[in-house]
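Naming follows writing order (A, B, C and D), and every chain is counted from residue 1.
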């Protein structure tokens, strides 16, 4: 993982506050766990039926019946609980999930999120993403700032099928930390070594800038 | 309990077939359990959250947390399971309850049942009766043939608020065994010592009579 | 990471319940009724309450104390036949009573806890419980919409808990408790025993900790929890 | 009374599944997938199946065998991203795929198992998953009706069972299993261990016996149950 991505993940980890119940989506969000302090009072949830995720285990120590939603062999901690898929999403939909971190194909300036379907190319189904995006109390996106072709992922309007409307609160990329506000995207922080112009050029919608110096992460 | 009532209960017990899941309503139906053989393969269900009801216990052996829906202190058998009220009625509504035995204020000749409310006099709420009556695969009524004033409980049309429409399959009283058929009430058996005329007089709707001799219970 | 600690003194937890609140109470008869949380609610004086409970307990127990002190405006329930005061207050118009079929009350609470808006059922369609409820057809068959129920607070009685709020219930004391423990903005669990984290194995947990806000350990049980001698 | 015995040989249980049946399969990825029941279904030859499963397993495992042999007409699922064959067959129109939000699939199955006609939810209202579904308002807010799902048969994988059909699941192998075990006319549970009656305590039971029709003890597990080395 590049230094910029690693710093993005470390920065996102600082959003997690004591007492929270947090679901970390597959991919980059999962890595946030490596940046949490051992004594941090937090409960990690995975939608396939576990609250209190413990460390990921190497294959030779794995329990074949204990995985997270991404298929990684995880472990429990004192106070973990197992439950079925209905209870797992009951927790999500009823407001007991304080935060989720998700990947994105596109985020619109009004907070719309598209992260599950590229028609004609990639339609695996949304899994749990729709409920996580629509119902977590705070939805953070972790993503590269642009796609593989260099096109911006932060845009005025989503072109892909939506996961949920107006759901995204904050976006962490390898270039910036950006909030979704009633006035659209608001730049909060910028990655070390980049200029404001770099970020503006890589963003497909207007950016509100902070007053004074822009914090660096 | 009178001899006629005792024989009614014993007769009703013979409706329970091996392999069934059965819910016995509060009152007379509960007593059916005393007439089941010890090696009878059957599962008794109580709607407050237990499958596999064991014998009722005297107070000095009772577990304060283990009751049936009527408040009796019961026990478990090998293979009993505890569950919550939602799972308990899931079982009832989804067709997993083979039979229920319920009390009645009124049964109409089309199988309508009223057993939960006498407006202005007695309105405690229906508890689980509506779901038991509407969804058990076979609904049996155990009741005295007439009310305390001698008025028939088996009538042409219910006058009281319904528990469920057209739900009753068979009625056991202290006077007779009567089926609900598309043609109305059909007499199947008569209590020892009674005449056909006794039963007809105590019944508030026409009775189809069996061909040949009427079996006695 | 370690899991957060949610143990608090009972008075502090119950103080968050305001006048006019809707409060769910676990229990079916005696088993599972949170008698000591109810006593504390009574002591703190909240009034104009809407109570959601399977039954109204018996005279002199649990919900009946709240009724006797005039704290209850409305009762959402399935059966109040063992509480003559509740029936009398209903008949006199001193409390409003909303009756549900027992399993439908359970499902409405569960739906609230599961973040659903409603369930669709044919239970009670032919009865007066259908009055005033929206009717819909599903696959050509008639049914009705039973809206989800949520509460401002739920009082839960558990046999065992850990500090994170994982709960285990005893025998038929489970009943409505795990459903209500999902369905309120403020979920307070009283527990006969609070074990250290890990004291309940992940498989023993009936209610997962994320649903629970406060855990209160009971020093000892009151007589109300005892076997009822009739 | 004693509780009925529901143990049968696997071939006898699976023989009750007909061509054209809707079959629910437990599991989320490997854990909880009834691989040996699926193998037996494949061996017996039923075709034109509608399969309800969270995912399509991975290539060469579980559901994929049924796909490869052309036994599946329709798949009701949440995510098939790990099975290239399933995606290809969907894109080529060789199978029909109905996608659900994961928790809504769980709730639709649970509703079927709970004898409800439907649930009402706002999940996916703003997405293409809302297309063609009946919309309703609940308390003035928009929502939609998601109909209950039931199946002709459900294949369940349990860690422990008793002869009456009480089931216990291991860790995250629970997932959809207890929901599907309520929601089919024919519920067949394969179990790694079948204990005598009483071997599961009443509190250890995840699926109560009355929901289950047949219990099949597995002599040994196949490689498909093993840890996946990627």
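Assume contacts are C-beta pairs under 8 Å (C-beta built on N, C-alpha and C of every residue); 3 or more make two chains touch, one makes a residue touch a chain.
Chains and their UniProt names: C, D = 3-oxoacid CoA-transferase subunit A.
The model shown is predicted, which means the values in this text are computed figures rather than measured ones.
Common partners of chain A and chain C, by the touch rule above, are D.
Should one ask which of B-C and B-D has more C-beta pairs in contact, the pair is B-C.
One finds 29 Å separating the Cα centroids of chain A and chain D. For the pair chain C and chain D, the distance between C-alpha centroids works out to 32 Å. Averaged C-alpha coordinates give centres for chain B and chain D that are 35 Å from one another. Across the assembly, chain B contributes 50, 82-83, 86, 89-90, 92-93, 135 as residues in contact with two or more other chains. Looking at chain D, residues 107, 110, 114-116, 121-122, 171, 202-203 sit in touch with two or more other chains.
In this structure, the chains touch in the following pairs: A-C, A-D, B-C, B-D, C-D. Against chain D, the residues of chain C that register as touching in their complex are 107, 111, 114-122, 134, 136, 138-139, 141, 143, 145, 147-148, 168, 171, 202-204.
Contact residues of chain A toward chain C in the complex are 18-19, 21, 33, 36-45, 50-52, 76-83, 86-87, 89-97, 135. Interface of chain D with chain B (complex): residues 1-5, 110, 112-116, 162-164, 166, 182-183, 196-198, 200, 202-203, 205, 208-211. Considering their complex, residues 46-50, 59, 62-69, 71, 73, 82-86, 88-90, 92-93, 123-128, 130-131, 134-135, 161-165 of chain A touch chain D.
Put simply, chain C touches chain B in their complex at residues 28-32, 54, 77-82, 87, 90-91, 97, 99, 101-107, 109-110, 121-124, 126-129, 159, 169-179, 206, 225-230.
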